[in-house]
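Down below is the structure, laid out as structure tokens.
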């Protein structure tokens, strides 16, 4: 409920800039007694880590997380969990161009308009580097919801979607693109290589699904589960669209075509479809919670773009240096983290009100 | 930041059920000294009011709002503004079927799973009737942002979009569908009549644009302007998708194709495109803020759908009685209200931090 | 966490002015399934109601509360509970004096300084009339904590304290002063009569105790149980001091004298003293939670007091019309309500985090 | 509004335990463009720092603060300010006794009751070590309110008060006790030496005054300036009572005796008294804001006290090792910090609503 804090009962607060000494997060409200160590968090950070393939930025950050508080003898104590990652590879480049001119599509102009000036080194606070702390916080959140399995994948890069007929869960971590479709992964390799060589960039769609969410999580009306997910996903850098279940496709459907009929099942109802994405009236139904997230292509491209300087003069800018040709790819662990954080928060909220 | 409260500095809280005695809202944090009377609010409620054409539910509600507090001698005092609308046309129908069986796609099952029981009369709290209070609160919010012009329209009903080549702002309020395209409006009339006769329903896409938003509103990272808008829009009944600017289309674009180049303008920069929807890094850029919202077709249809009873037995249900064949239409003033509420809140937040 | 909202998980929001059409509250986050009707709330309002004896203001308000939402078939549904009380006896007196001059000790000047103008009729929003809604909300909160017995009493009026050697719980509701000491009650009758005749006013100290609070409620560090109680109590009109346990007397004690030794008891520890007032480290210990609250004498007195007009001219003012000679008396049910509201909120918060 | 976060618009979140690797804070919502460096924060930390005289704990902590984010080229950027202090002197003592038995008056039992176990090293999260981060955050808050002068002093130690006839502002920083009365300071030296030698402890009263607060800060009803101060002060370790203005003494006064008459002054009204402590109706009046805070004697004493073990067995405990004989002394900079933090937050809130 605040500028740099997310969540209501399980809350996390992040701080830090792209080229400052460190980035950090405080996870507050975590239940006590959960096993937690750096080793529980690091694997998720490693999934998001830059510099691991030629398809991501070449910045080299080990992203080694340290737990500074809230854990004692290997278990959470219920007090705030301080997490810190030192920035290591802040390349001492010349920032004079980006300091004096606004990169279109970046936050440069908006930050200056709001704050009067900005930390322009690597995008400062607006850098996607902040998402590392979401991933770290998300790893803590996963501990709060052991009954839930959260997984995300890339569904589309640019104009190249996967085929769901080739969907193979086991493939997701077997390629550099979090693709569940190995054929699409091969195609994407070429597409991204081409974009990278051209100094261009590509958008992507990420899908995230949470299985095992029991019915009853979510807090109507303004903390609806879907509303919280929309807020959380839309706060991720470069995200421009969020869908729950069928999303915009639902707007094309008829009431009959969009129905999720129910039958008696072994354990509560069995649903015959999941157009709703596991949420009705803002509350989970027990079906998988499903979200689609659109990432725009990063605005860091080599093609010169018309822009203005801080002094309002016309100029052109092109982004040299290290960047992701498709930021959506590394968005996968971030989307997963936000899903876990929202669900964990709602689990605790539900427990608060309904026991 | 709470279940039935939205906003951070300018907050509103709603209460009330579809068939209870009244629905209400409390708008807190409103600046003092603004002219405000019921006459400022009623026109927006009238736009949303049911029973005004055959294309909406036939429930007859005058939706006459009363201001109970926070206004003195025609001006806001800075204290909470209590708003109340009496429910008038709660038809005393037989609710036994919906009480004992779950309507798929509605919140029936989810509410029962969460709360153990539910007010089943007309959907209780999960009814879109609550959105009247958002519209009332939104009318107050508009007073806070006189510099901004908020308007929304229906872009698509079912599979029938408007043509932007025929876009005429003046048409929006001239037809029962908030269509800026008079040709589409005629087509929709037939489409909805058909759906209504079949007891079916249709989805819709609503677009909302806010002009006059100065650069600098928005609060990174977790109160980003786009994040707040996503949260607010997704909390509206039947909404399943939210896009900012190009939204999912941005995922298909290249970095070049998605750029919003800037030139020196008369009053700050002139932008050559608005793929971003007026927001960069979570902060307004001065361009029109543009949101697209997907409404699903209502699940209240005459076709019987498989479902279960509260006792877990198999049954079928079909929704008799009054309902909207296309809830997205009446969503237009609600979407506008949420836009105004988010912007007003962010205006005040910006003033708090940046003076 | 907002201007007119109190609480974190169980929250209430109030609205309304002394001489507006109505005052109201929204209680949000209440657990579902609790028995609740107007009859559960009215007795607490009747305790606080004005005009019941010559020792309180002569304004006649039935304070009949209506539940507008959140209750179905006699039970809370988990949705927001709307509560409304119509104002009945807003005497149409001449407000020109108080409109144009500031009553020292009242909020008149401060409201004008903040908001630029004010609803001066009966104090507007700053009137203690608002506390009726706290009492109503508190009655709901009591339902959330059936394990807790909350009771308050007047310990002192002006310079006349009760004797604890005469403390008799059963006496509290047997006199007009909530005095557990019948001898003090008789004395107070004379003291207040004298003050009333002189057009003067008296301060009071109210003590509130909650028995049955289990160990473990409270949320360090900034939602400590004592911190929340201090905030809640200090927000009551005319309150100028709050103590937990021994309060300021603890500052005079030595560590030995302030110790609360523990012994093995039947049901957890048995404490040999309760200097701490039932709270350690911000968390309940299982002992009675004890708070002392200081009410100043109301500033509404007949003696002329030097002041200034809205235009900054020197003048004198004396308060004619109806007022309480000792507002602390009617503070008793308000203090109880705030205790219940804080405890109920903390019970739910504890359940959220610790299950 | 959360467990370890304080404030509404200017918020700070703290983390860290007494014997963990570090303690930290995140200050969020700070206005941009303020000059800020470690040198602005360190002097306040030095005032609170342990080990500087024989009258405080002998733990040696340099309390060197590092700014990790939110500052660029010497000025705040408007993004969250991360602050970190490494713990240096966590003495590797034997904690077996405090791990297995509860120290009465400490949070030991309450933490165990709430969380199931606890970090017992030096009190873990419940240690007053956390207050270092409040002091650091408070130094940032002071930058937000340059128009305000905040100062606190010790008014009483045990049963030994200062004489206000000897009050000398310049003396406060000239002795180890923050005493404005040099005679009292000499007396206290003996009193505390005696307590220290006896292994006993003493309570204290701290007074804090803020001059220069303009009229209009404060947000009725549940964010009243006095309510916020009460909450903030009562959240400090060992605090058991808070008074605004005359506090409990006001309860003894008559309406006439408690009046703060007003006269036309040069710059708004001139007040003839300040019984109210600078706050009316929850809003500042322009007079000095004055708070009194009661600190209990620490429960860390050498005299054995009856208690129980974690297993519920009877035992005795006495606190060996380093501790403050009078924690109230080092409370002075903490009280000042909370005053500054509340005022800065309310300044921004006021700006949000009232422009």
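Letters A, B, C and D name the chains as they come in the text, with residue numbers starting at 1 for each one.
Convention: contacts are C-beta pairs under 8 Å (C-beta built on N, C-alpha and C of every residue); 3 or more make two chains touch, one makes a residue touch a chain.
Being a predicted model, the structure only gives us computed values, none of them experimental.
Engineer: Going by the touch criterion at the top, tell me which pair is linked by more C-beta contacts: A-C or C-D.
Structural biologist: Higher C-beta contact count between the two pairs: C-D.
Engineer: With centres defined by CA atoms only, which chain is the most remote from chain B?
Structural biologist: Of all chains, D has its centre farthest from that of chain B.
Engineer: If you average the CA atoms of chain C and of chain D, how many Å lie between those two points?
Structural biologist: Using C-alpha averages as centres, the distance is 26 Å.
Engineer: With chain centres taken as the means of their Cα atoms, state the distance from chain A to chain D in Å.
Structural biologist: 38
Engineer: Where the CA atoms of chain A average out and where those of chain C average out, how many Å apart are those spots?
Structural biologist: The separation of the two C-alpha centroids amounts to 46 Å.
Engineer: Could you pull out the residues of chain A that touch at least 2 other chains?
Structural biologist: Expected reply: 1-5, 14, 29, 32, 78-79, 114-116, 125, 220, 354.
Engineer: If we count contacts the way the header does, which residues on chain C are in touch with chain D in the complex?
Structural biologist: Against chain D, the touching part of chain C is residues 1-6, 8, 14, 102, 104-107, 109-111, 113-116, 125-126, 130, 156, 158-159, 195, 200-205, 214-224, 226-235, 239-248, 250-264, 268-269, 272, 275-277, 279-286, 292, 294-301, 303, 305-308, 312-314, 328, 350, 354.
Engineer: Can you list the residues on chain B that touch chain C in the complex?
Structural biologist: 1-5, 11, 13-17, 20-24, 26, 28-29, 32-33, 66, 68-70, 72, 75, 77-82, 84, 114-119, 124-125
Engineer: Chain B touches which residues of chain D in the complex?
Structural biologist: On the chain D side, the touching residues are 1, 9, 29-32, 78-79, 220, 348-349, 351-355.
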